[in-house]
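Each structure below is given as structure tokens.
You will see two complexes here that share chain A, one where it goes with chain B and one where it goes with chain C.
What follows is the complex of A and B.
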């Protein structure tokens, strides 16, 4: 059944309300393609069936849809339920094992153009009352040096900032050319960016003792063998008891038996067990 | 959120070795209308206070190269008006002897981390004489 102009309009209104992303009928070709992809991916029988599923946010469909619309671009506060989980559950457990003033190491890999590691820093300052009580180190790594260069520059367009409140944008960004915004110099200086290949064990061996790793939406691009290699590398990079967050469509249980599953109220994450067995 | 109307912007120097902590404090104080400079340890803080005027210095205790106690003690020994610059120490150390050590070093006030934005702004207002 073809998608009608009325369908597209309802869809665009919904998308705008939920994400702030605005598309007009002039982008019809682009929109139709994304909708058709998601209808196929979810096995929906019609646009109506898909739209019901979307409105119910079944299986995090809104996030899937946003991802398909942003293509390879990412944005600040993406999958914020994991950021919430970080401040409401994981950091409490991590900090409990450290003295006040102790170091907490967080790794964003791959960090792409920096939205994720900067989001972690912003989220901590805005939502974690203990932020000044520990020495938080945030590292961003990626295989793509152009992405790392962009991350270090920290210049973003409106779409990357769509989930941030006006207050956060005012406080931590300054307007630059072409309607873009550059993230605060102090914030840029507080995050280290490095080039790393996730499936290269030797490369990864330089990175150890992380308390928390965000490794989202990259393992899906690997075949089974590489995925397993990456998971084992990440395991070695974590401190015993440390956590790893994957993308919402990824499951460590299907990749490697090394990790235990932690079902926190805000998110399901994986943990390197405190004591290694065997 | 705390709103501050400062007639002339009070200048505050934040001294902490953690860039995220400096940013967290700076952001809170700038939002409240203060002008903020930063230093990453006691030595850098000493250079700043000798070359620029400040109304308050906020200083962490545990820092590499020169810690907060050493810095405040050195500050109080300077032979100019800079010696009377108010110092707010903020530390993870919560023991009675730490508070006593801060007072002995010459700190005007001592806060134990974590410090909320509102709490920070309130104390900075008091110590700089800004209306809050």
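What follows is the complex of A and C.
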């Protein structure tokens, strides 16, 4: 039975409410294909049967569906508008409150196999003239210890490096076996990788005083209760006035009223209010 | 070298219940926030959290109290949040709906009384609580409400939820509702949309 416009509308409304991902009828072809794929993959007899299964989140179907709608691979300089925003807007505001030589703390959570925290480091070295005037601490954390081990090793294939210029690859990576590239030892040594569960308040209590947190493309997978818990945990991890960057299809305003929206020229990010008495 | 190795910088004691308990009635919002966060998941703290929710005026702390109650998620924590549906503060009502929606099984026994509430605003808000329930349960509850509901706005809210979660069993009830409210044009229109979505008919 074909998927009807009403099916698509019903699906889109649910998807938006559940994940924040918003699609209009103009993406009909894209949406239909993904729904059809998931109907086939789950062995559902119709859209109605699939939609019931999706609403019940049977066999983690929401996670499978989100994966089918999003780019799951991670690579260097992904969503680089936020990195540009970091150096063009956020760090200026952060540094203005620091003494000369002060420490700026940046957290990548979840950091997966390390592309994001290394991207932050590379971007800073290449694009922020003030980088030598501050101590910049970059932490990468994830719940997956295998990913963390890979992050610490810092070995990547060509695909992960596709957004980097040849010059950057030459200067910061060395060739290793199987056509892979290993990131500079100095950079590897300067980033701390730790295991953290984002929704565990006690776990997260060990992490405080961050000026900037990159928490991209993970909250979308959480249910409402876990999302709120994560938002409150992240709030406590930030300094007052600190910023948080989410994935492009995520919105903190939907997740929690704790943060202010900051519309910078390069990106929309979220901020823990400076003087939060309320 | 501008990049220096940092690390964890915090405490290991935030989940320690005892030292935080007195702070829920602290005059300092930060202390109340921390106390509420520490009590998340502690079922024995529901009476204390309920009392704190009743007097809390700082939205951020109120959110944390509701999150703590949501994490507990039992009948007592639902009861503690229900009064917020009557709040004059839209933010508090919205936070309560969001928290209660996350507890579809715990909220189920409270749905019939909520749908029978004398206050139409409460009935209207309560329709949203059915949104995360299993489709047959939500459909049954919302249909029972629609069949006896006199207020068009409450029916409209129930129809909106059915548009997403309804099963075909709702269609006869919706058709009757359209006849009953034929003089309220937006309802027959909303019902036609709901029926189309529920039946999966070509639109």
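Heads up, the rule we're going with is that the second predicted complex is superposed on the first by the 206 of 278 C-alpha atoms of A that agree within 3 Å, B and C clash if a C-alpha of one lies under 4 Å from a C-alpha of the other, contacts with A are read in each partner's own complex, and residues count from 1 in each chain.
Keep this in mind: a residue touches a chain if its C-beta (ideal position, glycine included) is under 8 Å from a C-beta of that chain, and two chains touch if they have at least 3 such contacts.
Everything numeric here is computed off the predicted structure, so don't read it as measured data.
J.: Given the touch rule stated above, what does A:14 touch, chain B (first), chain C (second), both, or neither?
T.: A:14 sits against chain C, while chain B stays out of touch.
J.: Thinking of the overlay built on chain A, is A:42 touched by chain B (first), by chain C (second), by both, or by neither?
T.: neither
J.: Once the structures are superposed on A, label A:180 by its partner contacts, choosing first (chain B), second (chain C), both or neither.
T.: After superposition on chain A, A:180 lies in contact with neither partner.
J.: With the two complexes superposed on chain A, say which partner A:5 touches: chain B (first), chain C (second), both, or neither.
T.: In the superposed model, A:5 contacts chain C only, not chain B.
J.: Which partner chains sit in contact with A:190 here, chain B, chain C, both or neither? Use first/second/both/neither.
T.: A:190 contacts both chain B and chain C.
J.: Between chain B (first) and chain C (second), which, if any, makes contact with A:136: first, second, both or neither?
T.: Touch status of A:136: both partners.
J.: After lining up the shared chain so the two structures overlap, which partner does A:100 touch, if you call chain B first and chain C second: first, second, both or neither?
T.: A:100: touches chain B, not chain C.
J.: Applying the document's definition of touch, where does A:127 land relative to chain B and chain C: first, second, both, or neither?
T.: After superposing on A, A:127 lies clear of both chain B and chain C.
J.: In the overlay, answer first, second, both or neither for which of chain B and chain C A:249 touches.
T.: After superposing on A, A:249 lies clear of both chain B and chain C.
J.: Identify which of chain B and chain C touches the larger number of residues of chain A.
T.: Touched residues of chain A are more numerous for C.
J.: Using the superposition described at the top, list the residues of chain A that contact chain B and also contact chain C.
T.: 121, 124-125, 131-133, 135-136, 138, 186-187, 189-190
J.: For chain B, which residues count as touching chain A in their complex?
T.: 17-27, 30-31, 38, 62, 90, 92-94, 113-116
J.: Looking at the complex, which residues from chain C come into contact with chain A?
T.: Its residues touching chain A are 1-15, 29, 37-38, 40, 58-60, 63-64, 67, 70-71, 73, 91, 95, 98-99, 101-102, 131, 134-135, 163-165, 193, 196-197, 200-203.
J.: Within their complex, state which residues of chain A touch chain B.
T.: Spelled out, the residues of chain A in touch with chain B are 99-101, 121, 124-125, 129-133, 135-136, 138, 171-172, 184, 186-187, 189-190.
J.: What does chain A use to touch chain C in their complex?
T.: 1, 4-7, 9-10, 13-14, 17, 46-48, 52, 55-56, 103, 105, 121, 124-125, 131-139, 186-187, 189-192, 194, 201-202, 204-209, 223-225, 228-229, 232, 236-237, 256-258, 276-278
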